[in-house]
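All chains are identified by letter, namely A, B, C, D, E and F, in their written order; residue positions are counted from 1 within each chain.
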Amino acid sequence: TGDILMTSQLPGLANGMAWTEVGGKLLPVETAVFPGKGELVLTGSLGDVMKESARIALTLIKQRLSSLGLPEDSLQKQDLHVHVPEGAIPKDGPSAGITLTCAMISALSQKPLKQGIAMTGEITLTGRVLPVGGIKEKVLAAHRNHLSEIILPKQNDKDRDDLPQEVLRQLSIHLVETLDEVLSLVFP
Amino acid sequence: TGDILMTSQLPGLANGMAWTEVGGKLLPVETAVFPGKGELVLTGSLGDVMKESARIALTLIKQRLSSLGLPEDSLQKQDLHVHVPEGAIPKDGPSAGITLTCAMISALSQKPLKQGIAMTGEITLTGRVLPVGGIKEKVLAAHRNHLSEIILPKQNDKDRDDLPQEVLRQLSIHLVETLDEVLSLVFP
Amino acid sequence: TGDILMTSQLPGLANGMAWTEVGGKLLPVETAVFPGKGELVLTGSLGDVMKESARIALTLIKQRLSSLGLPEDSLQKQDLHVHVPEGAIPKDGPSAGITLTCAMISALSQKPLKQGIAMTGEITLTGRVLPVGGIKEKVLAAHRNHLSEIILPKQNDKDRDDLPQEVLRQLSIHLVETLDEVLSLVFP
Amino acid sequence: TGDILMTSQLPGLANGMAWTEVGGKLLPVETAVFPGKGELVLTGSLGDVMKESARIALTLIKQRLSSLGLPEDSLQKQDLHVHVPEGAIPKDGPSAGITLTCAMISALSQKPLKQGIAMTGEITLTGRVLPVGGIKEKVLAAHRNHLSEIILPKQNDKDRDDLPQEVLRQLSIHLVETLDEVLSLVFP
Amino acid sequence: TGDILMTSQLPGLANGMAWTEVGGKLLPVETAVFPGKGELVLTGSLGDVMKESARIALTLIKQRLSSLGLPEDSLQKQDLHVHVPEGAIPKDGPSAGITLTCAMISALSQKPLKQGIAMTGEITLTGRVLPVGGIKEKVLAAHRNHLSEIILPKQNDKDRDDLPQEVLRQLSIHLVETLDEVLSLVFP
Amino acid sequence: TGDILMTSQLPGLANGMAWTEVGGKLLPVETAVFPGKGELVLTGSLGDVMKESARIALTLIKQRLSSLGLPEDSLQKQDLHVHVPEGAIPKDGPSAGITLTCAMISALSQKPLKQGIAMTGEITLTGRVLPVGGIKEKVLAAHRNHLSEIILPKQNDKDRDDLPQEVLRQLSIHLVETLDEVLSLVFP
């Protein structure tokens, strides 16, 4: 099956990118929020490492509630449900870390992300963004789906020269080291 | 064993379609609702992906309670039990997503679905309907069981030309992109 | 070991029939009810499918409390324990569905089943009775144990001609499509 | 290691018998009761079937609280811990059913069992005692440990002729069909 | 790595002895107690049998609270954490039964054990001490670490003659049958 | 991927060192604290032994709350989340014991560790520091990352002579036997 692009401006959505054996692919993340008691529901055939990425995102948000302008009890009276289509395809790895975090913040704040952006990068518990693999294939997939802004980890800077010049000319690539830099790009 | 057709107008029932190695088959979904505390019970030898589809359906319903005309506490004071006969046959995959969602809404609202409809399609957390496999075999099974209306994902449009013209002539096929379109077809 | 026949008129007992590699066998189901908080305890080396059958029976009962003449809080202030002897023999499959349901209703209402009846049939969440396998061997086991009334799924009608005429002459076979028909036979 | 005989008159103890590849063996069951909230703790490397036997014993006791002279809240304000030495030896099977039941009743009532008795037999949820295997080896083990009274399931009657006459002469063998018969032998 | 000897007089410590393929080894048990709600935390790569030994120790303590001079609510308002270094080495078997029990009692009462003692022995739920294996290697390890008093199960009496006379001359070996005898040796 | 050095002075961070098949590596530990109910969340693909190390650290902290200047309810009204990047790399073993403990104390007290320190050592429940493997490779990794102070278990003293003299000259190595010694080094 082909790529799934999310062009809508609904809150809770963020576009990641995945590496697969047959090339790069968009990895849209969907997050829903509803009254509950702080549960985190994860669907989409996610592996353990990806589930842990979502758990890290949750803690990062809990620590930034006030700076994000969210009520202190945001995560006590609500549940978060994160889903990554397509449901039958197993997904794993840490590289959706910043995508998961952005999608979850968007759902909680009910603010959509800036459109046209795709991102990839492992997140750590202090908000650092670590490098990931498959940059070339991932960026080509974003380009193929007409996304024009790409957020990459700073330490992946060296992977840009694997991309064709004509692709690079049509893209705006942002290199980031921290979650805060990511957030100022997607919620400008 | 042969197909199980649900012709009754009981609330909580929806007809899905399954692909099997020996052809398509109806996949009826049964949902019961009773006083409880918000538990979701799943039976019918469902695999992980299908269980996750039911979990997605639950979140979609939680987010649409008011637009569905359901009381806000519908899912806090009641349990939902979803069963897919036949109990000994393992079932999996995301393609029952819209069927599960319709059956659960029907049980909660106590409104039966419009009769004579079969459906297949993966659901995502934003209510998009994604394409699925086995369209030809699934539609033939619905036709064989005298169901006259079929709901398919828009992206499966291209699979219609695999069906015999005389079958197509006897069917009304609806192509959908969102859950809202599905709901307006089954609860007209 | 041989068959275990339950001739007593204790509430909570129902005679199922099982197919085994060495012929049919009675499958007695025992149910106890005692003060608790709504737990369902299952013993007897039951497999996943058989455990799900018991879970379906529980939901069917919850939905029929008033028509069964049971107090609304029957399953909130009591636990149900279902056991299928012999404890070391693994048992699985959906064909004890109606037997489990009858035994559980009998325990809750403290009304014994009509004596001399054996039954087999899968149950669904809407109370339909689905066909099962091994009819010939099962009925011969019931006959060998001097049970005179047999409840079979309507769709197993065609399996009756596999039985010797002299056996059929000594039996009263009831073909059923719904749980309600079963209940009116065992609680006449 | 050799047999472990429990000659003390402490409440909570009962002597079962086990079959092993190198002959019969005593299977002492120890039960402790202490303030708690109704938990059943099982130790001694017990397999699933033996754990289910203990669960059946618990339900049988819950249903007989008043006839056993136990307070109605005996199992709500206390925990039961059943241990079967030796802790490193895996044990399984249903044949300790009546032994487990007697040991648990003894602990709850704080009445020791009559001394000098060994027993074996599967228990069902209606209190029936079903036949078990290894009778010859089990009884020889009890005899070797100078136990003089043996409780066996009625359906194991036929296994007595496998024992030497001189052993039989020194033993008093009781054949039982129900738990009530067992209880009147051990709590005379 | 070599032996770990606990010479400090901190409460919560007890020296067990383990048999390994390369000889005997000290098996120190550490227990901590802190405000909680009755949880038992077990670390040190313990196997199922050793975990059950700790569970047995817990029940034995619950039954002896008053004779041990401990408040009745000692185990309701506190958690116990038992750790057996070294954390990466898997440990299993029942022979640390009395060691675990002594360490846990010491932690709860905040009384250190008498110094210079090592012990080995399976414990049962009635406080009996059962024989264990590897006596020769275990005692040599204790001797090598300058421990002068050894507690062994009475039924291991016969294993003393496997030890060199000059080792035996330097040790004081206590043979015990019950937990009470153990406790009067370590808490004199 | 290369080493990840944490030079920031944020509380909750500590630098461990890991041995890998391709040489030593820094093992940064990140800890976050936020309002909760005493849960310990562990991410970073940690194995059972490493998870148990974190559990030991938690108990050690619970026992030292007052000496650490932490409120008595520090761990009842807050959750601790410990993460060890990089998330996709499985990590196990006990040698991060003191690193985990320091990171957790730093997060709870909101005091950063003294900068420039790396450490390795198993921790026990009484606060002893046990020797670990891979000292040479670990220290070289710390040196390569310009860390100047190294904390090692006292029993690893003998491993220092495996290091080049010129490396040793540039490092300040502290040999410790207890957690208290570690704490006075990192929180001077």
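Here is the rule we go by: a contact is a pair of C-beta atoms (placed from the backbone, for glycine too) under 8 Å apart; a residue touches a chain by one contact, two chains touch by 3 or more.
Keep in mind that this is a model prediction, so the values were computed, not measured.
When the partners of chain A are compared with those of chain E, the chains appearing in both lists are F.
Any chain that touches chain A and also touches chain D would be listed here, but there is none. Rounded to the nearest 5, the angle that brings the Cα atoms of chain E onto chain F is 60°. Chain A and chain F touch with mostly distinct residues; of the residue numbers seen at this interface, under half occur in both copies. Look at where the CA atoms of chain B average out and do the same for chain D: the two points lie 52 Å apart. Inter-chain centre distance (chain B to chain C, centres taken as mean C-alpha positions): 30 Å.
Under the contact definition stated at the top, not a single residue of chain D touches 2 or more other chains. Those residues of chain E whose C-beta lies close enough to touch chain D in the complex are 48-49, 52-53, 55-56, 59-60, 62-63, 72, 93-94, 97, 122, 124-126, 128, 130-131. For chain F in complex with chain A, the residues that touch the partner chain are 1, 4, 6, 8, 10, 12-13, 30-32, 34-35, 41, 43-45, 81-83, 85-88.
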